[in-house]
Amino acid sequence: MTDETIVPMIEYGQADEAVRAVYDDIMHTRGSDWINNFWKVLANDPKLLKRTWESLKEVMGPGALDPLVKEMIYIAVSATNNCDYCSWSHTASARAKGMTDPQLMELLAVVGMANETNRLANGLKPPVDAAFKPKGPKQ
Amino acid sequence: MTDETIVPMIEYGQADEAVRAVYDDIMHTRGSDWINNFWKVLANDPKLLKRTWESLKEVMGPGALDPLVKEMIYIAVSATNNCDYCSWSHTASARAKGMTDPQLMELLAVVGMANETNRLANGLKPPVDAAFKPKGPKQ
Amino acid sequence: MTDETIVPMIEYGQADEAVRAVYDDIMHTRGSDWINNFWKVLANDPKLLKRTWESLKEVMGPGALDPLVKEMIYIAVSATNNCDYCSWSHTASARAKGMTDPQLMELLAVVGMANETNRLANGLKPPVDAAFKPKGPKQ
Amino acid sequence: MTDETIVPMIEYGQADEAVRAVYDDIMHTRGSDWINNFWKVLANDPKLLKRTWESLKEVMGPGALDPLVKEMIYIAVSATNNCDYCSWSHTASARAKGMTDPQLMELLAVVGMANETNRLANGLKPPVDAAFKPKGPKQ
Amino acid sequence: MTDETIVPMIEYGQADEAVRAVYDDIMHTRGSDWINNFWKVLANDPKLLKRTWESLKEVMGPGALDPLVKEMIYIAVSATNNCDYCSWSHTASARAKGMTDPQLMELLAVVGMANETNRLANGLKPPVDAAFKPKGPKQ
Amino acid sequence: MTDETIVPMIEYGQADEAVRAVYDDIMHTRGSDWINNFWKVLANDPKLLKRTWESLKEVMGPGALDPLVKEMIYIAVSATNNCDYCSWSHTASARAKGMTDPQLMELLAVVGMANETNRLANGLKPPVDAAFKPKGPKQ
């Protein structure tokens, strides 16, 4: 147990069977041979570990959106919330899926702009235009 | 002036030349014939109106990312911050650019998941893996 | 009890002595003859009412900063957090202390810009320059 | 003055009488013999120090909720806002009051889930059911 | 489809088998005979509906924390993020599990205080005391 | 390229002409001879660099509000959002414009108080008083 995490990190060698099964599935799904620290802290609660991994695998897997777009959305949320770990890990994941530096810069430009205009709208409170509502006419 | 906005909404007919020039550019760029309420409140400060519009036009225009992806990032940020006006307006814009309901649902599933794991990381504080840093080796 | 608040609003006529004493001090301090709804919901917990009012009176009273500047800081925080009630009430207070519409627009322009650059810094993570730390040299 | 805090930390030996009185009450109330860094930075404004400590003592003291529950609520807010100092200090306080690691993990699972569903609701905007309002019938 | 939600609300009568199975489980688990609007918007994505419900049922079910404490944590997060729907729905749930008005007021007093001290720590940046880290000595 | 930033920092010597032109304007405008790290990461996207700098120069320049007040608003937003880099850089800027330590402490006291009352209002949901709306009568 390092004194720099709030709970111990559970390494593969120390993990019980339930945790190992999740670790194995993470490595198998990703085609990698290591587990990043996020999962090692979640492993203190094997049910939380399993549920979070299975939800993430389902959400980030094939669907209506491109997997790289989903990683970029993850970066957008993490920068907005200022989650340090998440920005590092999802920027790395997005790059592994082909995100270029110009795409990252442009993504953050949109994130910055959205955070700006969100507050202009919060502070000035324009009414929502009827045209923006389903079936609503323009005003 | 309605009593439901914090500042008056400046309609085209009341606007001075500087504001009209921006309104004209908004309508021309969008190929539309009306102005949504966000710009009408910003028009109380013509420099803010012009700067915000020109920045938004540059950020959301052609670049390294697909315009629809940019609209979806805007929705992700607006849902995270809970900006009501922005959620309505950018969901409408994304639909106008072709976003389907299954894509919207999947986008929000990613946003929800990111907001969840951001807090698990904040509360449990796993150290950032060296492998996530540029040129860093895996641990 | 209206069905639109989560707890009842305690009107002056229904209030017990402890609550009335706070209401009287609010009206006396402000030179007004009515109580706004925020205090009427807090009054469900007389200790919370008293502590919040006394803290607010001390924080917003004479000190190292101009009272109008303090109201503008309140607006900046409320727009960032998207607190609807607080934006309305503190914009009204700031106006009562002399804030003009051009000042409000400029204040929100700064709030918008700060929310934008906060996220650019969160997402790109420049190291803090030594020159920004007390006694630190520039780099 | 270290160059790693924005304002100096006021140690007991350097503190004036007003600050020492608060420090003494903190140590007495907690049955401890040291002051944590949060109070040492607040001590640059003795009124802020005193008001914050007295409010915290009142809020976190005996009342309608169990003291350990209150510490867990503090952790929930701090993880949501990503306040690093606060997560460390209140996790330590909660443990000192008996919080176990399984309780911490479950607490953060709830925090994660709440942050997720908050954004699903923000983005999809279901109307509030009448049944959730006081005295309201179910729909 | 009302024009006041971003996606249609799926009523039981219109729902396909997968959605009905979740609706039935929600009503069975809660011992109620109706579905609140949150689930009706999620039902536009049956996998999201099922995953969110099953996660919520697991997280909020029996465990290391009292179910009422978990509802109060949900309220704390929802007030911090300002999720309107979530504040109404989880305040109602907590009351159904026995939360009194004095408990709600005290809960929000803690939430308010935590949001205040989170920002004092963010702005003044006291270093984390070694004593707050596992096995760390006091400073 | 250090392994501690997400993108490289572009130093003056490596920068192309478009980036140097912005760097020169930053130093000229500030009367300084160095560039802080925020701009060096933005320089990976010369258009983002130029737009952000020009917007910031316009927003923070002479106008309806005192330049020091604007820096204090920046600090208020940065502490609310917990942007570490921004708190350090704008506290330094505000001090360079004359902010004293008592002013900084009082500013953060207001920020803390606003974050507290924002959540009391979010959680208890008092209706907005008619008197707070333009031209509205008091209730």
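The chains carry the letters A, B, C, D, E and F, assigned in the order they are written, with residues numbered from 1 in each.
What we mean here is this: contacts are C-beta pairs under 8 Å (C-beta built on N, C-alpha and C of every residue); 3 or more make two chains touch, one makes a residue touch a chain.
Here the structure is a predicted model, which is why all the values come from computation and not from measurement.
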item	value
Mutual neighbours - chains that touch chain C and chain E alike	A, B, D, F
Chains in simultaneous contact with chain B and chain F	A, C, D, E
Chain pair, E-F or C-F, that carries the greater number of C-beta contacts	C-F
For chain D placed onto chain F, the superposition rotation in degrees, Cα atoms, nearest 5	120
Selected from D-F, B-D or B-F, interface repeating C-E by over half of its contact pairs	D-F
Distance from the mean Cα position of chain C to that of chain B, given in whole angstrom	26
CA centroid of chain C to CA centroid of chain D, Å	20
Shared interface positions of chain A, touching two or more other chains	4-7, 48, 52, 55, 59, 78, 80-84, 87-88, 91, 102, 105-106, 108-109, 111-113, 115-120, 122-125, 133
Pairwise touch network: line, ring, star, complete, or other	complete
Touching residues on chain D, where the partner in the complex is chain A	82, 87-88, 91, 101-102, 104-106, 108-109, 112
Residue numbers on chain D that touch chain E, as the complex places them	2, 4-7, 9, 34, 36-38, 40-42, 48, 52, 55-56, 59-60, 63-65, 69-70, 72-74, 76-78, 80-81, 83-86, 88-92, 100, 102-103, 105-107, 109-111, 113-129, 131-133, 138-139
Contact set on chain E toward chain F in their complex	75, 78-80, 82, 84, 87, 108-109, 111-113, 115-120, 122-125
Complex contacts: residues of chain D adjacent to chain F	6-7, 44-45, 48, 52, 81-83
In the complex with chain F, residue positions of chain B that touch it	1, 3-6, 47, 51, 55, 58-59, 133-136
